[in-house]
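The next part holds the structures, each set out as structure tokens.
Next, two complexes with chain A in common: one pairs it with chain B, the other with chain C.
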Partner chain A sequence: MTFSLVLQAIFAGVTNGIVYALVGMGLSAIFKGSRVINAMQGEFAVIGAMTTVLLLSNAGWPYAAAIAAGALTGALLGAFIEVAFVRHMARKNASEDSFLLLTIGLALTLSASILYFVGRDGHLLPPLGGEGVLLVLDAVIQFHALWLIAIGIAATLLLRAFYHRTTLGLSMMAASIDADGAATTGIDVGRMRTYTFVLGGLLGALGGILVTPLVAVDYTLGLNLTLKGFAAAVLGGLTNPLGAAVGGITLGLVESLAIIGISSSYKDVVAFSVLIVIMILMPQGILGRAGRRGG
Partner chain B sequence: MKPSLLWLAVGLVVWAVLPLVVPRNVADLLVFTGIYTIAGLGIGLLLGHCGIVNLAQATFYGIGAYASAYCTVMMGLPSLVGFVVGAVIAMVLAYVIGRPILRLTGYFLALATLALGAIASALFFEWDWLTGGTLGIGGIPKLELFGFALDRPSRYYFLVWIVAFACMATARNLVDSRTGLMLRAMRDSSTAAAALSIDLQSLRTRIFVVCALFGAIAGSLFAHHVSFVSTQSFTVDRSINFLLIPVIGGATSIPGIVAGALFITFLPEFLSKLGDIHQILFGLALVGIVVLLPDGLMGALGRLRLRLMQRGGHGG
Partner chain C sequence: MSLSSIAKLAGVAALVGLSAFAARAQTSGEPIKVGAIVSATGAGAGLGVPERNGLLLAEKDINAKGGINGRPIKIIVEDDASNPDTALSKANDLIFGQKVVALLGPSLTASTVAVGGVTSTNKIPQIAFTGIGPAVERQRKCVAHVLPPQRLNAQALLEYAKSIKATKIGVLHDAGYGNVVMAELKPLADKYGVKLVAVEKFEIGATDTTTQAAKVKAARPDAVFIIATSATPFRNVKQVQISQPIVAAIGSSSYEYVNAMGQAADNIVIPEFVVGEDPLPHQKEFVELYRKTYDGTPKNYEAAAWDAAHIIAAAIKKAGPDAGGEKLCEAMKAPYSGVLANYNFAADDMTGIPIGSFVFSKLVGGKYTRTPFRVAQ
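The block that comes next holds the complex of A and B.
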């Protein structure tokens, strides 16, 4: 095992990890704000990426505009799901399980819709920063991976600033911690829940758009991203979107370092085994109770 | 004759005549309904009586199917051996894995079972020396019973449904027994149940093992029905489909499980006549049921009956 191989694996792990982190942060933001486990979080990523692909290649939009539109589509889809389904069910005090099943149903519907309207082919987006690569001690790093890492870190820091510095972010936190208390101070708790879904959709779509130059997006990608995002969120303590960032990168690193030793096809086996073990041994997530304060 | 006995007799006659009068493809779907009922019963026990969302049933289903395929095709053993080996492996695995993960609750447990399903699905794919990978194992023999070849859906139907009824009776006995009382206590107030020295974890593990057993039996029956098994049949999607059975029908009701199994076998078949759009419609149908009928088809039926009876009462 050479050093450059390890370095390569670390970069691949961080790159994948940032994508898991973005999907996981969205999932965790939605859980924090609504107590709904969103089993269609990966579909936000697929819809965002597909919208960008179609606008770029079929409608001829400039890349930046197509990315913005893709991310916005994710956000709007999030809002739609809250307004059309979640709100209605929350009013009837639906159980945790029924929300889980609702989002499973929505995930099936969306993935079938993509199969129907777009087809079964995978689509790639052009890499950000061109096709160039950077050589660090014989490890090959695509420019796109550097962009992805930079954007992922920026998104995480912005999310942190949003929750801690802005009135809206603080109101959303308040509404999620104590709904009745927040309502008495004049916060519209229902609307905060809608915004939570907007945020979740936005983060998911961003993750999807960023990964698409590396992995072709098709109608089956959503479930896998949901699983990895879910794992990232749980590792981070579930109610802490910033913890999900740490969880995502940890998951990415564990995956890519583990496959240096064994066949790469065991990537998912390793990732999910680690997830199960961590859930049993560290029910608060890898950051423990301290991590709860972060979000 | 009491009306309930009369209904039972009518039901039995319909059940016995049905596969003989319907077209072959419908008989085939009825066989699948029976197989899915068995797999769904276990998930219903966990969901309805323990509040556990099990997203790993395709794992146990796969274990049953591969055990039957491997024992009969690769080793030339009698088919009963496949059933037994599958059931034993599934139950041991459920016990060994269930013991630690059933300490988790709610979403975490649902995720743990989902992760388990994803691991198993990847292993089925990787261990191609055992499972044949994507190429699968073909030529699994049709079953025979006392010299009758069960080589047609309309014959296999009877075996599958007799097994299904036996599983239903087992589930019913479990729910009505002391275990069932403990389960109810655990579901309604786990703290109170623990105070009565009910060992919650071992109780949950026991039901998980029963669920795995049903899954493995269903898997073996599936393998002998389609005579070909490959990794595509045991993915996470399949587990989600199995979970839908008790959700759609109603988890605590045994007729509900049958209704759910009918739903997930017949509706996609019916919708597929409409062309490629059928998967979207199936997804929407599921969303509709979750939003509009939170306690499943049987729950909705029960409420409707209650309302009709109340109205009848007022009228009289």
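The block that comes next holds the complex of A and C.
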């Protein structure tokens, strides 16, 4: 095992970790705000990325506009799902498992719709910063991956600032911690839940758009991302979106270091064994209770 | 589905319908029914859809040329949704309900094994669109295969490595198809004087294999084999700047994967059978007809299904439509020169494809070209 190989594994781990983190942050933002475990979080990523692909290659939009529209589509889809389904179920006091079934159903429906309307083919987006790579001690990282990491970190910091510094963010936190209490202070709890889904959709779509230059997006990508994002979110502490960022990067690094440290045949065995150990030692997630309070 | 693809489908349907009409002008009598099972939906749809196209085209071609001794052939195509249980119930329906004289397909190994249980006990000839799979298939002497066994695919990779004098090989393979080919590749490598310096695995549907690719690169191989059914490892080897020749197994040869490779679809050699852009002389008629009908370029699976339909038609012609399964089985074991390959179902592997049937294509800027390299018989 050479140093450059370790460095290569770290590059890959952080890049993948940021993608897991973006999906996981959206998942935990939604869980925090609505107690819904969103099994279709990965579909937000696929819808966002597919919209960007179609606008860019079929409609000829400029790349930046297509990205913005893709992210917005994810946000709007989030709002639609809350308004069309979650709101009505919540009014009738649906249980957490009913919501889980709802989102699993939506995930399958959306994946099938993409297959029907867009087809089986995988689609790529042009990498940000061009096709070039940065060479560090014989290990390579694509310019796009650097952009992905930078944007991912920026999104994480913005999310933290949003929850702590803005009235809307604080209201959303209040509504999620104590809905009745928040309602008495004049916070529209239902609307906050809609915003939570908007935020989740936005983060998911952003993750999808950012990963598409590295991994071709097709109708099957969603489930894969949901699983990794869910692992990231649980690892970090499900009610803490910032924990998902820590969880995502941990997961990405453990996976890639397992490949060079032991064997690619045992990558998942090693990665998930490590996760199980972490969960036994830190059942509240890596950021733990302190993280939960801070959100 | 876009409007244009609906229009395309309607066009194909109309053509098939028209040809049936035209065929009725030449052929007469009760159609001879042949059943077919493909994975038109589900995980295997990348195989099943092209196979269905090949079957329908073959039906049209056979009937346009006078059918089977004047009687039209009717291929009843069913979808198993990539599920062996569904394949089994469709097979039962085709054999006992529709009374087909033979069965073509299915697309996937698991379904083939399941269906083979029914066809072999009821002596119904079957030609599967798979390479021979588990040991039980060797005892089923009436279940033939039109795709090469994985051992032959492994051999083809090694033959190419030998031709470019690569003795140190790195391998990137997935945990499904890749595992099966790998199991054949390992014992063969010694015979070819090849050392496998790095063998790296990734799960099916993996979205990132750069670390595995970097590990292969670090072993400094002369060439890299990629055995997978996705575009991901191809992009990743380019990302970590592996500059050695890349040889990919036939599983990655569909346009679906090549398109998803993007700029990485360059300088990759694939041992396969049909290069539609530059067909061999005996493949030209099929390729032209396919292009006219479907507005696309065919690859291996279309050709495999086409061959299967023609082989069974030839066998029925020889033995007679009412000869019964056992005689039909014997008849289809005659050597046959198909579009995909030369077959001899009397061979031990129920396929008989010689390694010389492989052609070696090279992806250049996302487009297939045919290399002059062939393995001598």
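A few comments on the model shown:
Here is the rule we go by: the second predicted complex is superposed on the first by the 273 of 295 C-alpha atoms of A that agree within 3 Å, B and C clash if a C-alpha of one lies under 4 Å from a C-alpha of the other, contacts with A are read in each partner's own complex, and residues count from 1 in each chain.
Note that in this section a contact is a pair of C-beta atoms (placed from the backbone, for glycine too) under 8 Å apart; a residue touches a chain by one contact, two chains touch by 3 or more.
All of these numbers come straight from a predicted model, not from anything done at the bench.
After overlaying the two complexes on the shared chain, residue contacts for A:Q142 are found with chain C alone; chain B is out of touch. When the shared chain is aligned, no partner comes close enough to touch A:D180: not chain B, not chain C. By the touch criterion stated above, A:A216 is placed in contact with chain C alone, chain B being left untouched. After overlaying the two complexes on the shared chain, residue contacts for A:F85 are found with chain B alone; chain C is out of touch. When the shared chain is aligned, chain B and chain C each come close enough to touch A:Y116. Of the two partner chains placed by superposition, chain B and chain C are both touched by A:D268.
Within chain A, the residues touching chain B in one complex and chain C in the other are 116, 265, 268. On the chain A side of its complex with chain C, the touching residues are 2, 4-5, 8-9, 11-13, 15-16, 116-117, 119-124, 131, 133, 139-140, 142, 211, 214-216, 218, 220-221, 224-225, 256, 259-260, 264-265, 267-268.
Only residues 47, 51, 53, 100-101, 103-104, 106-108, 110-112, 114-116, 118-119, 122-123, 125-126, 236-237, 240, 243-244, 247, 276-277, 279-280, 282-284, 286-287, 290-291, 294 of chain B touch chain A when the two sit together in their complex.
Taken in their complex, chain C has these residues touching chain A: 1-2, 5, 45-46, 200-203, 205, 207-208, 210-212, 214-215, 218, 231-232, 235, 239-241, 256-257, 259-260, 262-263. Of all residues in chain A, those touching chain B in their complex are 37, 85, 88-89, 92, 94-98, 100-102, 104-113, 115-116, 223, 227, 230-231, 234, 238, 263, 265-266, 268-269, 272-273, 275-276, 279-280, 283.
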